[in-house]
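Order as written gives the chain letters A, B, C and D; numbering starts at 1 within each chain.
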Amino acid sequence: MQARLNGGRLRRLLLIVFGLAVVLVLLAPLTATDQADSLGLPQLVDRSQIRILTTVAMFVVMASGWNLVGGLTGYGSFGNVAFFGLGAYTCAVAVDVHRLHLPMGAGIALAPLVPALFAALVGLPLLRLRGHYFAIATLGTAVAVGEVVKNVDYLGGATGLFPPILHRADLLFLYLMVGAAMLAVIVSGLILRSRFGYGLIAIRENEEAASVIGVNTTAYKVGAFAVAAALTGLAGGIFAVWNSFINQDLGFSLDFNIQMILMAVLGGAGTLFGPVLGVIVLEFLLQNLAGRGDVAVYAQIGLGLLLAVTVIFVPRGIVDFFGGASRLSLAHLRRALRETGA
Amino acid sequence: MQLFLQQVVLGLLIGGIYVAVALGFSLVWGILNIVNLAHGALVIAGAYLTWLLFAHAHVDPFLSLPIVAVALFAFGYALQRVLINRVIRAPLFFTLLLTFGVNLMIVNALLVLFKSDFRSVTPSYSGSGFGVAGVQVPYVRLAALGVAAALAAAVGWLLNRTRTGSAIQAVAADRDAARLVGVDLRHVYALTFAVAAACAGVAGGLISTIQAITPTAGEPYTLQAFVVVVLGGLGRVGATVVGGLVFGLVETLGQTMVPGLGAGWANAIAFALLVVVLVVRPQGLMGRRP
Amino acid sequence: MAERPALLKVRGLDAGFGAGLVLSGVDLDFYPGELVALIGANGAGKSTLLGVLSGLVPLESGRVTFDGRDLTNARPERVVAAGMSHVPQGRRLFGTLSVEKNLRLGAYLRRDGDVEADLARVLDYFPALRDLLARSAATLSGGEQQMVAIGRGLMARPKLLMIDEPSLGLSPKVVERVIEVAQAINRDGTSILLVEQDVLLGLEAADRGYVLENGRVVLSGSARELEQDPEVRRAYLGL
Amino acid sequence: MTALLSIDGVTKRFGGVAALRAVSFELAEGEILGVIGPNGAGKTTLLNCISGVARPDAGSITFDGHEIGHQRPHRIARLGVGRTFQIVKPFASMTVRENAAVGALFGASRLPLAGAFAAADEVLELVGMADKASQPVVSLTIPDRKRLEVARALATRPRLLLLDEVMAGLNSVEVDEALDMVRAVHRSGVTIVLIEHVMRVIVGVCRRVVVLHFGEMLADGTPDEVLRDPRVIEAYLGEKYAKRLQEAERDG
């Protein structure tokens, strides 16, 4: 029991420190406002750091969304970027002057609906598949949706869509994205502690056992898929107006697709704060790796290496690593290695 | 009618390429139960090796195929032993993440070595072909189909006619029972992955003769290999051959015969086909229930 | 019994999975030419013991020496090469391969010429397999599969053949036939370690026996002694 | 009195092999029925058909007046059918208490979260696992995992509980404890179908026994009748074994 207690107190300590850090980081950008200037407060954060923070918040939404399907329900989807793209295009079409010409708020509100509907529709056949078949079918769906979008003129065809540009709105988009991130974490937290959450975890642990105790596995899986789609679509919607440009490569990028998965897994799939931690660690690594000039190629090789290291050494994620003192020991590491080798 | 016949021929010829690409992919998935997301990268690595031998050493692409095969065999054996073997017993999802990581490393290593501008292998005969009843048949593509058929026959012979092949099939049927008759699992896994990498290399060599290549050109080939294997059904070489040819036909005819679908729809067709096959007949045209 | 050198010696064997030790402090001696029965309830650790001996399952502590060689935690390939062959529970044939290929795979490690002679010998033991050689193993009945599994084990020309619960899922008549052949194989010089949950069956076929309960050897002795032992009769024969 | 469960001509084939051939019997509320037969006799297939995990190819199954032959497992569970698996399927990442609570969240009980954990403690008490409530499933021994499987099924408030070989892998002491548990569950008002392949276990607790042999019903009667039935003796027990069981039955 001793290890568990330490682990418990260690965990709470970490969470408090983590929470404080997040609050501080979120308040710092306020120093960049005119009001702060008039109060003589020093500007702590510059434009590029705000941009990085907004990206971090965006990935928290996507990683938490993926976590509902991949982490909680155990269905490792390889195509959630489709929801991001659909959300982005929905919002872009909604606010486009030549199309629906709706205010930005309406665009962002619509962004989660189309992907959620699409997820429910596509989810029924897809979620009957398992393992490799499910992963590749979702990857295929994401690629196919991207291709369809590229070939439809109403959706801007190959050139893409251009939502109206908002000047000096960095802080607006930062706090919009942070709001979405908080929503994602809160929704995940609520689900985790509910009948719906326990049902999803039961499906992950053993779907047949879950069905014979009365879990409607199809409905629960499609539900998780749709919630993940809505959250990811919301991030896409905000991204479209923030970036004021969206096309197939940006909306359906395989980079985003793999990064949201790696962040959730690296942080700790199936946990509440795992994905958030994973986003921060990975974004920190990627920013520094790519920071060295335009050599994005080395960043990609770094990402590839990180994927391999995570899968082999930290399969259950960083959060689990601090779960209990025993986890930190080398013996645990060696056993993990021995188990996965042939 | 002329156009249709021409498209059927072109469909079969490109189908040969898909067979060559899918052979290795099917082996790794069928035997090691790993979907290798780096397969396309291995194919393109083979293509670049062929280009290197052609551009710098003036070796004819079809003659360099054995060299490419040996090189990729060695690389595949080492890659499996060092990395892939670590996740053999891990949950499926982690094998996907690992092979995607390997894919990123290979593609970007190629980018560092060869930059991203297009390369192509154009031997003297690459443009010519012959006409039969009004249908044009380019030599290079016909030769590629021939090599693909030979490759399929070779893999079939290895699996069904050799001692190593029966060991590989034994491992696929029951891993522990295979160990109980004395099969060294690590060696057989690495050997299987090496043969698959060699097939990918040969497929890459063929591809370099019919299209320009860049380091990132591998991605679609991985996904298409998956569709071909699912279409044909996992398990037997014959199933992959059928899957590859049918896929070649559906893709080519889909792009030219169906109104409104142009060249840009290749991937969309592929994945519509995939989702339909997965839901309607998951074990594929020729295979057994997975 | 003259103090002949033991073919297989197991000392202080501990092995287990996540949920605690499945085997603790197991000692076992096996002399050339014997047919020994290893009996005990389902889950007593019988199959785990065979798994440890054949190298599939790692052991926590203890020593295994076979034919004078130390095989503690040896990889399965070395165990088969040393002459100890394991016919697994549930037969576990290579379902997609033909009966003949299954049998020939039994001799996978052998480089000597007379694999054909051994194939003929196996078909003598199991004549029914003669016209099944081309059939794929998955289409065979339980009894036929058990014969192929034992045949596959024999093809390695082992000094010791370990057979794990041949009676599983077979009708009484077929089980009798399989046990008779096992005894014939034993008479022809191959030592056999027979693991059986059907205690009566195991003891009747064996010279000696070990009784395993909750991972411990609780009783051992000649088969006749064990059949009369009140503890065995109460626990396993429900008498 | 209408039967709680009635199986009528149920047949199930896998490829060419008929795992169940026209099996028919009825079960009244409050009974405790033993289903016995060698491995591969179709016991688990029968249980899979009742619980919806498998679909019968012919025949019908009605539970409490509802036709459940072609219903999906979660619907059947909500009607009040609970089951365990021969090879236990715990929710490994949860604790013992959470496993039981998930049962109470779903099935026929469908309690809210708070109520579910209270119900979980109750069933853990009944099966003798209360002291291990906060332990992770990974650290449980085989007998404890079987008890947890029963507890989880019980937590769904079933009217019919299907137990698939809960005694397999237990030594004689553990079997006696498991039999006490089954009796306690039966006393709490649950109709039970107990599947076993060791006759001695059934004789101890069941008042009625069905014998399956290669998918067919060989016999259906009290343990005493079944022990004397020549077809059962020839096909399944063998002369010596039957005589011993009769002796044990008389002095037992």
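Annotations for the structure displayed:
Heads up, the rule we're going with is that contacts are C-beta pairs under 8 Å (C-beta built on N, C-alpha and C of every residue); 3 or more make two chains touch, one makes a residue touch a chain.
In this text, all values refer to a predicted model and were calculated from it rather than measured experimentally.
Top-ranked chain pair, ordered by C-beta pairs in contact, is A-B.
Seen from the Cα centre of chain C, the chain whose own Cα centre is farthest off is A.
As a whole-number value, the distance joining the C-alpha centres of chain B and chain D reads 50 Å. Taking each chain's centre as the average of its CA atoms, chain B and chain C sit 43 Å apart.
Averaged Cα coordinates give chain A a centre that lies 53 Å from the centre of chain C. Looking at the complex, you find that chain B touches chain A at residues 29, 35, 83, 85-90, 92-94, 96-98, 100-105, 107-109, 111-112, 185-186, 189, 219, 223, 226-227, 230, 262, 264-265, 267-268, 270-272, 274-275, 278-279, 282, 290.
Touching chain B in their complex are the following residues of chain C: 54-56, 75-77, 80-81, 85-86, 88, 92-97, 101, 104-106, 108-109, 152, 156. Taken in their complex, chain A has these residues touching chain B: 70, 76, 78, 125-126, 128-129, 131-133, 135-137, 139-141, 143-144, 147-148, 150-151, 254, 258, 261-262, 265, 297-298, 300-301, 303-308, 310-312, 315, 337, 339-342. Residues 193-195, 198-199, 201-202, 204-206, 208-209, 211-217, 270 of chain A are the ones that touch chain D when the two sit in their complex. Against chain C, the residues of chain B that register as touching in their complex are 163, 166-167, 169-170, 172-174, 176-184, 235.
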